[in-house]
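Here chain A shows up in two complexes: once beside chain B, once beside chain C.
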Partner chain A sequence: MIMEKIAELFIILILVSVVLNVSSPFIKFAIKLYSFQSLMLAFYILMGAVHFNSINLYGSFVITVIFKVILIPYFLFKTLKKVKMDKEIDMYIGIPEAVVFAGSLTLLSNLIAQKIIKTGITFGSFVFTISLATFLIGAMLMITRKTLFSQIIGFLTIDNAIFLAANSITHGMPLLVELGVLFDLFVSILILSILILNLRRNFAV
Partner chain B sequence: MYELILILPAAALIVSIFADVLWMSYLQLAVSVLVFCAVAAIALSFNSVTVFLGGFFFADYINLVILITVSTLELFVAFYSFGYVRTEIAGGISKRKFKFYYFWKNLFVFSMMVSILSNNLGIYWTGLEATTLATALLVSFNRTKESFEATWKYVIMCSVGIAIGLFAIVILYFTTSQVYGESLRSLSFINIMQAGAKLDKNFLMLAFLLALVGFGTKVGFAPMHNWLPDAHSQGPSPVSALLSGVLLNTALLGILRFYQINGVAGIYYPRYFLIGFGFFTILVSAFSVIKQTDYKRLFAFSSMENMGIIALGFGIGGIAVIGSLLQIFFHALNKGLLFLSSGNVLAATHERRIDKIRSLSKNFPVTALVLLFGVMGISGMPPFAMFLGEIYIMTGVFRSNILLGFLVFILLVFIFIGLFGKILKMYMGNTDNEAGEELKSGKKAHKEINEGAIHPFMVYVPLILLLLSSLLLFYIPSPFLNIVKSASAEFGGRIIF
Partner chain C sequence: MNFNAQHLIFGTAQFFIIVVLAPFFAGFIHKLKQRARGQKGIGIFQFYINFNKLLKKELVLSKDATFISDIAPHIVIVSYLVILLMLPAFYRYSLLGVSSDVILIAYSLALATFFMTLYAMDQGSAFGGLGASREWFLTVLSEPSLIFVFISLAIYTKHGRITDIFYFIQKGAANAFLSGIHSGAVSIAIPFLLFISLFIVSISENARIPIDNPETHLELTMFHEANILEASGKHLGIYEYASYLKLTVFFTVMSLILFPYMAANISQIPLALIIYVLKMIILCILIAVVEIVNPKMRVFRAPNVLSVSFILSLIAMILSIRGF
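On to the complex of A and B.
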């Protein structure tokens, strides 16, 4: 019971970090938030691992920490340092409207999750609600912000949401698949960083 | 034998890091011929579903069709690349840049093979995302602003699309884990097909929809297509041929797998989504083709249209499925020859715009002819093989709904007019007018712009493809026809000859 409460705390912190991301225009802060969000995801997986005593989930915890908490933010920081960008300037809708929008997306995903999942799975449909909300807010970030970095952050948020969903309705994907997915994610961040560097250096986008 | 298809590109990938480019191009020929021979040997002796490499990979009739398509087009592209590398290096591009060309191209082919042959849906996903990453730096090969922007759009849109596809796989995994428990077996395609009717229907439907939107982004279905024309037109021509001809089919395979699972579970309405997306894709590409000014973009929209037709065929079912499977193979060959021959024009003139190029028939006699007949072929005109695929699909569509058939037919005529009118202008035209003068007084004016400037392999590979495409209308090898028949039987298709 107490474990369930702690796991729910981690989940809520994920949603809080995403909404904070919507409300802040600073890119450095956004990368830090992403790292924090991934750490919370990793802790959630760890809670599951302790609860079910599953080796698969322990492995999943380790690779999530390595890739999502350490490696990807490290490379994003490195790229950010080189291109010297600090603030998101171009937004289609302002920050207050975006936050209100994020709130309504959370409500919407609660409605959808109630419809889809009738029986409680693992820690109940609560986690699935949060993962749907994270998914939708991540997509909103990608659509409403124009800077290349914000698009990467939105993409990573979407990816975290899918990992959360995988860990909420099942006990995580098989380790081999998870490793492949994370490695692909990591390489795609590297390639996007190379593209940002090239675009900024040669053409000043 | 099966392992060879995966090992050879992987070996070429590793060697290409160390080898010299010109030497590597010889090796690439050997590798591509060997892969083609391996696939041909498999196709000739294939009689049932075969599992290999510890159950992670398998071959059945459906992925065998796509495997044959990939290896055939790859063979021609390898020969074309042989000439392409030499021509571009003679034109002043450094050798070092081309070293990575072979590296990324082999990685691309390798991950495509992994994707096609995978039995495990998780591995399929990993391979498909790897193809996006491997082609990213090939699309931005020319290092211009347009190519970097096209790559950005390509990587971001496809990554997000495929992430939605991962969501579909997660939901499918949840559904199957109630039958098999949480293990790798729950993602194994063969096991999922065996579980069939025991699976939860609502979740399967949801998984199919997410897969259709997610992998559909990579196939280039209509509302999610805007990365496609940019990415396909910016890469080097051999890469464009592979992207348009076979990568789209690899992504389509993912949707087809989910479609098959739904079919086994007894859910029949996913077909209406395939029909809807297919029709909408044809509609959008028909209106886009007319206003294009860049010939490589024109062909990119034409591949979008063909993917729409193929999806429509799979959705209609019956005889149209056979048409779609044939179309997958024929479209790859025909689109390959279009991109390769237009690559000759691009390599010699360095000009992408249609209105800047006139009287090709004078300076590029062979290429211009191939281009003209290739456009006829891609629109489904009789002396070329795509006629066969398209006639089967259209028969199926007309039988199921006359109004839909009529609409699709009108759109196909639209596309034909759009493509043919533009290419005919490039073929004939008059060099004495303003555009011709501009071309002559351009920076390449001192050099004679004609076919002599390019390697003979580049001239004759598209010609052989054209002849092959024409020959296939009259004679399809019976082993291939048997594979297509058996594959269509898995979608409930019947053959009437």
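On to the complex of A and C.
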């Protein structure tokens, strides 16, 4: 009972960090927030691992910490240093509007989650609502931001949301599948960083 | 002792203890900030001395001032005092606990701001109008999140009065954490969200550093100070005391949301009082750290922060409607 409530706190912190990400115009802060968000996700997985006592979930916790909390932010910071792009993030809409829009997306995801839960698929209803909201806000980040670098943050947020939803449905995926997904993500981040560097060099955008 | 007489005595004692402690908390924050900057700093009880000095000084009013200037400071301080009469800081049965509706509390805060800005404009100086305009710019942005915080507290606990709300949270937490009874109504996530939201609002409403800096008198940075620039003597003293009371109101609500411990009888009162003061000091340290770490923000960046507070309270309301 208490474990469940503490797990809810970690999930809420994921949503709070995404909303903060929408409101903040600094790229460095956004990467730090992503790292924090992944750490909260890892803690949520760890609580599941303790609760179900499954070795798969322990493995998943370790992999998440290594890849999402340490490696991906490290590479993003390294790329940021090379590109020397420490300016503020440009958005197509103003920040207060974007934040209010994120709030309305949360409302929408709440309505959708209620409909889906009525169909009888056994979702953890709290986790599913929050992960849907995180997914939609991540998509909004990708749409509204102008530069490639800040769109990557949206992409990573969407990935975290899917990860969260998957962990809410099952008692953890097989370790091999999770390793594959994370490695996929890592490679895509590497490719995107190389792309940014080359774009910078050739077109100086 | 008669039960009602007990409520009367301890409710009155609670009210006077909070009112007397209010300048101490403000002074404590000021002292912490000054020590962090490497200054020696004022004494913790300096604000009591200032208040005493200001009460003795002569009151100067502008020749354009009307009767508004005479009544406004008193309405401001009385509206905060009324809120403090309602809050169950460490004794469960506060004096006005019966009529402590959450909407009433939110609008008493707005009433105080309204009369403070009226006072600023009534004096007929250019700075007054500027300060009033800026004050409302911030208040309009933080008002929705304040109302949403109170309404989601009411929905979450299914009670309208603030004494019942905090007693419900205390009972739920005690059941869940101490005796392990399963009750679906208790949640950690919702109070936490409300706490963050209220923290941001209290920074903006109490003129703290990322939004406003009340220590300077530059016209560029004046929000709160521009309103009371014309005040002198007794009026200035009342306004400063009112600002300490406002800080205490916000801190008390925050401490009650996160960790409510209210005494129900005499034997629990000393422990409850000690816990209350400890909670307040921790909150003071928290806000002092925020003020030391952050630089003053550009004025037009304030809506970014306050919109986050609004959305977090909205999310808390959605979750409490769903009944998590």
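Observations on the structure shown:
Rule of thumb we're sticking to: the second predicted complex is superposed on the first by the 195 of 205 C-alpha atoms of A that agree within 3 Å, B and C clash if a C-alpha of one lies under 4 Å from a C-alpha of the other, contacts with A are read in each partner's own complex, and residues count from 1 in each chain.
One rule holds in what follows: a contact is a pair of C-beta atoms (placed from the backbone, for glycine too) under 8 Å apart; a residue touches a chain by one contact, two chains touch by 3 or more.
Everything quoted here is computed from the prediction, not taken from an experiment.
Once the complexes are laid over each other on chain A, chain B and chain C both fit without any clash. By the touch criterion defined above, A:V100 reaches chain C but does not reach chain B. When the two structures are aligned on the shared chain, A:F126 is found in touch with chain C, with no touch to chain B.
Of the two partner chains, chain B is the only one touched by A:G180; chain C is not. Legend: residue contacts after superposition of the two complexes on their common chain; A:S188 is shown touching chain B, with no touch to chain C. Residue contacts after overlaying the shared chain place A:T170 against chain B, while chain C stays out of touching range. In the superposed model, A:I2 makes contact with chain C only, not with chain B.
Between chain B and chain C, B touches the greater number of residues of chain A. After the two structures are overlaid on chain A, the closest C-alpha atoms of chain B and chain C sit 22 Å apart.
Under the contact criterion defined above, no residue of chain A touches both chain B in one complex and chain C in the other. Interface residues of chain C, counted against chain A in their complex, comprise 176-177, 180, 182, 186-189, 192-193, 196, 303-305, 307-308, 310-312, 314-315, 318-319, 322, 324. Interface residues of chain A, counted against chain C in their complex, comprise 1-2, 5-6, 8-9, 11-12, 15-16, 19-20, 23-25, 95-96, 99-100, 102-103, 106-107, 110, 114, 125-126, 129.
The touching residues of chain B, counted against chain A in their complex, run 120, 122-123, 125-126, 129-130, 132-133, 136-137, 140, 143, 145, 148-149, 151-152, 155-156, 159-160, 163, 166-167, 170-171, 173-174, 177, 182-184, 187, 202, 206.
Residues 56, 116, 121, 135, 139, 142, 148, 151-152, 155, 158-159, 162, 165-166, 169-171, 173-174, 176-177, 180-181, 183-184, 187-188, 191-192, 194-195, 198-199, 202-203, 205 of chain A are the ones that touch chain B when the two sit in their complex.
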